[in-house]
Amino acid sequence: MDQDRLRRLIEALENGEADIDEVLEKLRMLPYEDIGYAKLDHHRSIRRGFPEAIFCTGKTTEQVLEIADRILSNQGEVVLTKVGSELASELKARFQEKVTHASEANMAFLGNCSQKVDGKVAVVTAGTSDISVAEEAVALCDRYGVEVSRIYDVGVAGVHRLIPYVPAINASDVVIVIAGMEGALPSIVSGFTDKPVIAVPTSIGYGANFRGLAALLGMLCTCSPGIAVVNIDNGFGAAVFALSILRIAHSKKNG
Amino acid sequence: MDQDRLRRLIEALENGEADIDEVLEKLRMLPYEDIGYAKLDHHRSIRRGFPEAIFCTGKTTEQVLEIADRILSNQGEVVLTKVGSELASELKARFQEKVTHASEANMAFLGNCSQKVDGKVAVVTAGTSDISVAEEAVALCDRYGVEVSRIYDVGVAGVHRLIPYVPAINASDVVIVIAGMEGALPSIVSGFTDKPVIAVPTSIGYGANFRGLAALLGMLCTCSPGIAVVNIDNGFGAAVFALSILRIAHSKKNG
Amino acid sequence: MDQDRLRRLIEALENGEADIDEVLEKLRMLPYEDIGYAKLDHHRSIRRGFPEAIFCTGKTTEQVLEIADRILSNQGEVVLTKVGSELASELKARFQEKVTHASEANMAFLGNCSQKVDGKVAVVTAGTSDISVAEEAVALCDRYGVEVSRIYDVGVAGVHRLIPYVPAINASDVVIVIAGMEGALPSIVSGFTDKPVIAVPTSIGYGANFRGLAALLGMLCTCSPGIAVVNIDNGFGAAVFALSILRIAHSKKNG
Amino acid sequence: MDQDRLRRLIEALENGEADIDEVLEKLRMLPYEDIGYAKLDHHRSIRRGFPEAIFCTGKTTEQVLEIADRILSNQGEVVLTKVGSELASELKARFQEKVTHASEANMAFLGNCSQKVDGKVAVVTAGTSDISVAEEAVALCDRYGVEVSRIYDVGVAGVHRLIPYVPAINASDVVIVIAGMEGALPSIVSGFTDKPVIAVPTSIGYGANFRGLAALLGMLCTCSPGIAVVNIDNGFGAAVFALSILRIAHSKKNG
Amino acid sequence: MDQDRLRRLIEALENGEADIDEVLEKLRMLPYEDIGYAKLDHHRSIRRGFPEAIFCTGKTTEQVLEIADRILSNQGEVVLTKVGSELASELKARFQEKVTHASEANMAFLGNCSQKVDGKVAVVTAGTSDISVAEEAVALCDRYGVEVSRIYDVGVAGVHRLIPYVPAINASDVVIVIAGMEGALPSIVSGFTDKPVIAVPTSIGYGANFRGLAALLGMLCTCSPGIAVVNIDNGFGAAVFALSILRIAHSKKNG
Amino acid sequence: MDQDRLRRLIEALENGEADIDEVLEKLRMLPYEDIGYAKLDHHRSIRRGFPEAIFCTGKTTEQVLEIADRILSNQGEVVLTKVGSELASELKARFQEKVTHASEANMAFLGNCSQKVDGKVAVVTAGTSDISVAEEAVALCDRYGVEVSRIYDVGVAGVHRLIPYVPAINASDVVIVIAGMEGALPSIVSGFTDKPVIAVPTSIGYGANFRGLAALLGMLCTCSPGIAVVNIDNGFGAAVFALSILRIAHSKKNG
Amino acid sequence: MDQDRLRRLIEALENGEADIDEVLEKLRMLPYEDIGYAKLDHHRSIRRGFPEAIFCTGKTTEQVLEIADRILSNQGEVVLTKVGSELASELKARFQEKVTHASEANMAFLGNCSQKVDGKVAVVTAGTSDISVAEEAVALCDRYGVEVSRIYDVGVAGVHRLIPYVPAINASDVVIVIAGMEGALPSIVSGFTDKPVIAVPTSIGYGANFRGLAALLGMLCTCSPGIAVVNIDNGFGAAVFALSILRIAHSKKNG
Amino acid sequence: MDQDRLRRLIEALENGEADIDEVLEKLRMLPYEDIGYAKLDHHRSIRRGFPEAIFCTGKTTEQVLEIADRILSNQGEVVLTKVGSELASELKARFQEKVTHASEANMAFLGNCSQKVDGKVAVVTAGTSDISVAEEAVALCDRYGVEVSRIYDVGVAGVHRLIPYVPAINASDVVIVIAGMEGALPSIVSGFTDKPVIAVPTSIGYGANFRGLAALLGMLCTCSPGIAVVNIDNGFGAAVFALSILRIAHSKKNG
């Protein structure tokens, strides 16, 4: 529909029905919906490949519900992160069967996923305590039809625990490695594979960990060059990055 | 050759000519060459997809030359980073026409690249001062036959300078964005593309930049989820990561 | 009245009715009212252009009420920041119709604003979560009769969301830009305008944001030279600074 | 000239001589000149109110000379910061009488200043060691015809040294206060004036100063709300910000 | 009594009733009372000039009561800091009229003060919110008979508020200055007096204050050399230091 | 039992009943038990000398109980740290008389300790508030039959309190020194003994202590070379390290 | 002389020869001499008890010589810190026999010390490397006629090295303790004395010392309440503080 | 000799030839030699088990030579660290054949080692650049007759490089692991051994390594409990700690 409106506008310009200022004004207005405290970017899925996600921390339930409603109407699907159980109930009350709640990941999805992505992702954690961050990555990959291998609790102090999973890691296209404390697991995983390794530091730990700082610095200073890092506890961002990688492969294959 | 030795060893085990401890002992010795101060990992290129790189800072010229010689003999090619002009001369004196010197990148390569990687990478910098880090990424991509678009000096204060290059960015498979100071360019580039964006903070700046800390934190805290970050000034690591992405696509296409 | 007392004092000195020490002693006493735990600066509005503000965090309700009462009696108006809902009720109970409560901004005003300031201020936020800080700036500008454009949720990842608002920004005299996370929005806004940009980092974000540090360092390291920064979450300070700019313009115009 | 080309382009579009893609392509090219390692933004002075400045640190002499040459040809003037004496000589050899060298400020200007700004700025330093940063601000203000009061070495430990200068400060439109060590001077100056105070921390100091961090944090945490802060040692940025304030006043007066 | 036991011990040694090891063993035992989780240093008041103080944070009520009881029995007086209202009640229940509770200071004293110190101390705060730290200093000085001038809320932004109190400051022997936020007040006070200035940073503030770090660094980097600093919020330590100064003067006078 | 299975596997390989891949596959599986969210390392006690410990923070009660159950079944004993009173009750309900609860240490043990270690450890604290960390070390040493001397509250300000305990310290094999605040006690203890000193910084303190950072940095920067440091509040790690030292001595003696 | 001019001014006011504005104007001018880049505070020695000191780092030789010359003419004496050997030569060439150069302290004095202070100061260092900072304190104390005990190299790891000097420390009025690395010496010294202890952290050390940060934090977090701290490497500030203490005692004694 | 003097002193006390004060005075004097800027602790080797070491950084050549001479005369041997080549030449000129220079370790030894220690230490490094720190540990262990296995360049990215050396590590009594960058190697080594692992972070690395901070925090936050950490680049301290461990074993065996 938007595509149509866009085409008509450009024709109006070319055949003189509109001057350039009118057109620019309209072009500006097309992709937004302004609800006062939020500007919804309904063309985002075209431009970025993903629908707009709502980071729920720091927003009121009313704001979340209204923003979600508008995005759902326009884009057909919504991704919500940091969804507590109370907010999840409100979402279910409002959007009913349209809601999928990934409770371990504190995420929710509205509507059907418009897009499927081919590929395999291994999600590896150092400890049991890193699992909630890992599940954020898993939930998003699942949603997009990506095949996920969960490889949990294979941390550094027992590196031999990792070795049985090296084949599973190498059978994936992308590896997400999640670790708190000293954050060394991504370096080690990277030594066993030629796949891109996305490292997620977590705030798990105490003392000199300084809320994830130790893990973050360790991952950035890795001596293994095939690693890139996202923010502390940002399992969602790691999954979006992994999906963006898989789409390249997908388009190449089909292109 | 190694492949042959490996096969023979396993046969020796299976037909009883060697017991398991002898075999394990030999397996351990196969992939290494120990020159005292360095353990060369000649199987690395099989396992990791790249030959071992020599990070020259903090090594004597003698160490670099000997390590390079051994890797060259066994693996047929070597990558050297942080190669100053003096070391470059020594490398040329020793290895002559086998040396390729990428002087803007402070890198050198020995031997022929054994492997080519399909794909396109856009290397984007915020300022002119970030170029030396960018060239590190460019030199490695070039070496592997990847097509590179250099898009330099399109920094944040004039975001409209970036817009003409959005088509070139979207025509790439992977985008490497390099920025010092506030490090905001990766977020902005990411807003215009669905490609994976690898962000490289640089130590360019002064005062509250604290040697790249401001750019690093900024990139990690990006509000755009499709970004991953490597260490400050680590153009080489960004390129290795980009190549690991392109190889997935390549293998998918051909698999 | 103070003016009169001041004049009489100086005459007393000049005609020998008082010696210099007596006069100095009296001059010292004039502008203050000492209520033990607070020294009220009733001449402040003459000297600084604004009445004294009460930063309510860390003061007891009794202290706030008494300080407010004294300032109101002497200066005719009071500004209070960080006013929670409970304190707001106490203020209403005590000062009744003299109270204006700006609840979204956690501010209160007592009495009538003695002064109006000409001009337009654009208040721009990167996200919805930055709005409470923005409203602090808006409430103070409103109070002084300044025309405010609220431009909310136009953050960096979708810089094109900002473009439709460039005309509104350029129609303002001063721009206040409020952002958490990587804090890049002020640099970008500054690229589109020749107006002074006052940047307010917020503590919105998580992980490597370190309670606003990432946004703060990013804003200070901006590559755009027309930006100055106030403390994290300090919307009030940004507004006072903006008003001080507008008064120059005003006085120039009328001077 | 650019204005003419712009008008002709739009007419071409409107009367059908060019289609929208051709026009957009040309529009993109208009304001830039791409010299490979730099994108020169020749429309910047229209959009931002100042010509593009060259931050010379980290650029080769050749790069600086070529960038300067291009900006000079297109915009008629250039501002260069962090110009050491050697680079200054090269600039004089190349641009001869077109160069103005502000040696105390480590700045240079090419061509004539196209624009004058009305107003008065007081530049205040805490100590003698802060003067080089102050002169950066002074040189830029001078260039634009702004009247500058230099008030140097009036630091905090002798606050009474400041008092005689309060009238000069209040006779200015904007105050730039520059201080290292504990960075307390801006708070104190702000207590005596209703003018906007732009605070510049310097890296002067030792020990717990941590290269300007103490002064920077101190200025941000000021208890006086009429202050905004720029980066450590950034006298240039403070002056650009001050000029942006003065232009509002100027346009109001004449508007 | 202890003095007697000490004398007898030494005599025993000198007249051969005890050998050196027995004596050393007894000497070791004299000044302590070991109650398992605490070693009470009953000679401390002789050696250090003050009775042992109990820092109550992180101790159970039982531990505090028992430690207090033992010290009271042996030394005749006890000082307790960080005494919440609940603990204060327990102390009153147990020690009844022997308890003096300084509630604004969160301190308690048991027994009579064995020692009086001559002198005057001025306790100066920047804001009303710093008063609880100030009262800690006041309570201890009071206890020792020192004359205290409370000079509260004379902070930096209105330095003229301080000026009327300069005579009171100069009439003191020692000045304790307590400030949060940018921590500039000690520098300013120091400019007006030749008395030793003990600076106490407080954790009052927000954002770039980082829980007192800004005030602490500012006070350490003061350009005024007559200042020394104690830990954040440590009003008690400042008072002990002030008392140690006053005792020198006292002993000199009477020596 | 595992020993038997291992022997049989190797025989199967050597007599041709299994090929190398089958054996490797089985070898991988032997030492683990995979319960989904945790990989239990039942060979750990062989390889590392201690059974696997469960760090209970961040795990659900259900996870702790199941992990504990599995380890208990396979390894015969379990160590749990950071066990709150509620979790302790659940453990007792489930494992009954098999549970030993060291409540001051927030630890629990299941099963019988399979191993005794000869030796003496002195556990020294600076203050009463450091005792909970000390008890963590004491509980583990006790469990392994090590003789422990508790030397509590001998902190730096009264170094003479330490002197009576020097003989007890020198009668130990290893010294664990636990201190918050400035963390100086390990340096001092180390000056009196030739035993290895394991230093444990604690988060006890306030202000410039920054949650244990001051103590940690102080211990690392000790001028006494015979000290090594573990993480803040990590009494458990210090005890494991001490036990690993004692076992060397033990094996030497008996070897 | 100044005293006379001051008296005459006030008489002029009181007998009507001058009005208040003329007098204030003259009063402002009296204590200053403005040499452009510096404001010399010739009344400082009256107000603060010490002549103005010149911190030579960051000033040109010309600036130092001129400032010194003016202060010498007006105040009769000058103190200079951070005087390198080259600058010392220039001072001798210019001021000849009026210069006293304390080369180990990197200090110089011009003219005769106008003031003597009674008392004894012990200057204690942890190591030999801290001596240059200590000598700064010694030189200033010497200058003022204070008796100094140098107690060097008695650091923490051998606390028994300190014990023989405890009597010397207790025979002083004030103790200055200088230490790098972990900075624990002030706490220990403080445990043996009831004198005020001024702690000076130094930047001596490496690694986790972070240029004096470890020593600084350690000293601030001391568990001994009778300690106050000055900036890293600031031996001069410690001496000024010590002198301000001695003067109280002195005035009390003579008062 | 000292032992004799000590015995005679105590006899003098017991038979009344000396009173206790005389004896204490003499006892104090015995173990020291005071050469003004240094207090030499000639009893240290008795008390601490090692002769006093001279940390040469920050001492003049003259100071080093004199201190070394005195220690050599009294204790028969000296250890010097951070000995540059120039200082080494001076030591050889002065002490001739008594000097042993360990040039890779930047250490020197004077005299014969009075003491031998039984045992084996494995010194493991992550990279070639960590070798200079490792050699410091090796040189000291060598000196004391300890058997050292050098296992260099087995860093994390190729953890399989480590595996062949696991037997050598397990054949040692103590393991010293040295690593820069992310500092993960100690955790991994610890997973393969039950020996105490002493971790040494190095300042090798760049960017987010922040001069060894990343490695330091990583090692402290290790998830493996059998690790303790010394200061950044402190190979010497690690060796002293290892020797103190070996002596326990030695004394147990022989005790």
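Note that the chains take the letters A, B, C, D, E, F, G and H in the order they are written out, and that residue 1 is the start of every chain.
Here, contacts are C-beta pairs under 8 Å (C-beta built on N, C-alpha and C of every residue); 3 or more make two chains touch, one makes a residue touch a chain.
Bear in mind the structure is a predicted one, so any value in this text is a computation, not a measurement.
A.B. asks: How many steps does it take, at the fewest, to get from subunit A to subunit E if each step moves to a chain that touches the one before?
C.D. replies: 2
A.B. asks: I want to confirm something about subunit B and subunit D. Since they are copies of the same sequence, is their interface symmetric in residue numbering (over half shared, so same) or not (under half, so different)?
C.D. replies: Different, since most residue numbers here occur in only one copy.
A.B. asks: Could you give the separation in Å between the centres of subunit B and subunit H, each centre being the mean of its C-alpha atoms?
C.D. replies: Taking the mean C-alpha position of each chain, the two centres sit 39 Å apart.
A.B. asks: Between subunit D and subunit H, what is the separation of their C-alpha centroids in Å?
C.D. replies: Each chain's C-alpha centroid was found; their separation is 55 Å.
A.B. asks: What's the distance between the Cα centroids of subunit D and subunit E, rounded to whole Å?
C.D. replies: 50
A.B. asks: Please output the residue numbers of subunit E that touch at least 2 other chains, ranges allowed.
C.D. replies: If we look for residues of subunit E contacting two or more partner chains, we find 158, 160, 190-192, 207-209, 216, 220-222, 231-232, 234.
A.B. asks: Can you tell me which positions in subunit A touch subunit F when the two form their complex?
C.D. replies: Residues in contact with subunit F: 128-129, 131, 152-154, 158, 160-161, 163-164, 204, 206-209.
A.B. asks: Give the list of subunit C residues in touch with subunit D in this complex.
C.D. replies: By the definition above, subunit C touches subunit D via 47-50, 53, 118-119, 173-174, 190-196, 198, 216, 220-222, 225-232, 234, 236-238, 240-241, 244-250, 252-253, 255.
A.B. asks: Can you list the subunit C residues touching subunit E in their complex?
C.D. replies: 28-29, 31-32, 36-39, 41, 44, 55, 57-59, 63, 67, 201, 203, 212, 216, 231-234
A.B. asks: Within the complex, which stretch of subunit F touches subunit G?
C.D. replies: By the definition above, subunit F touches subunit G via 126-127, 155-160, 181-184, 187-188, 190-192, 205, 207-210, 213-224.
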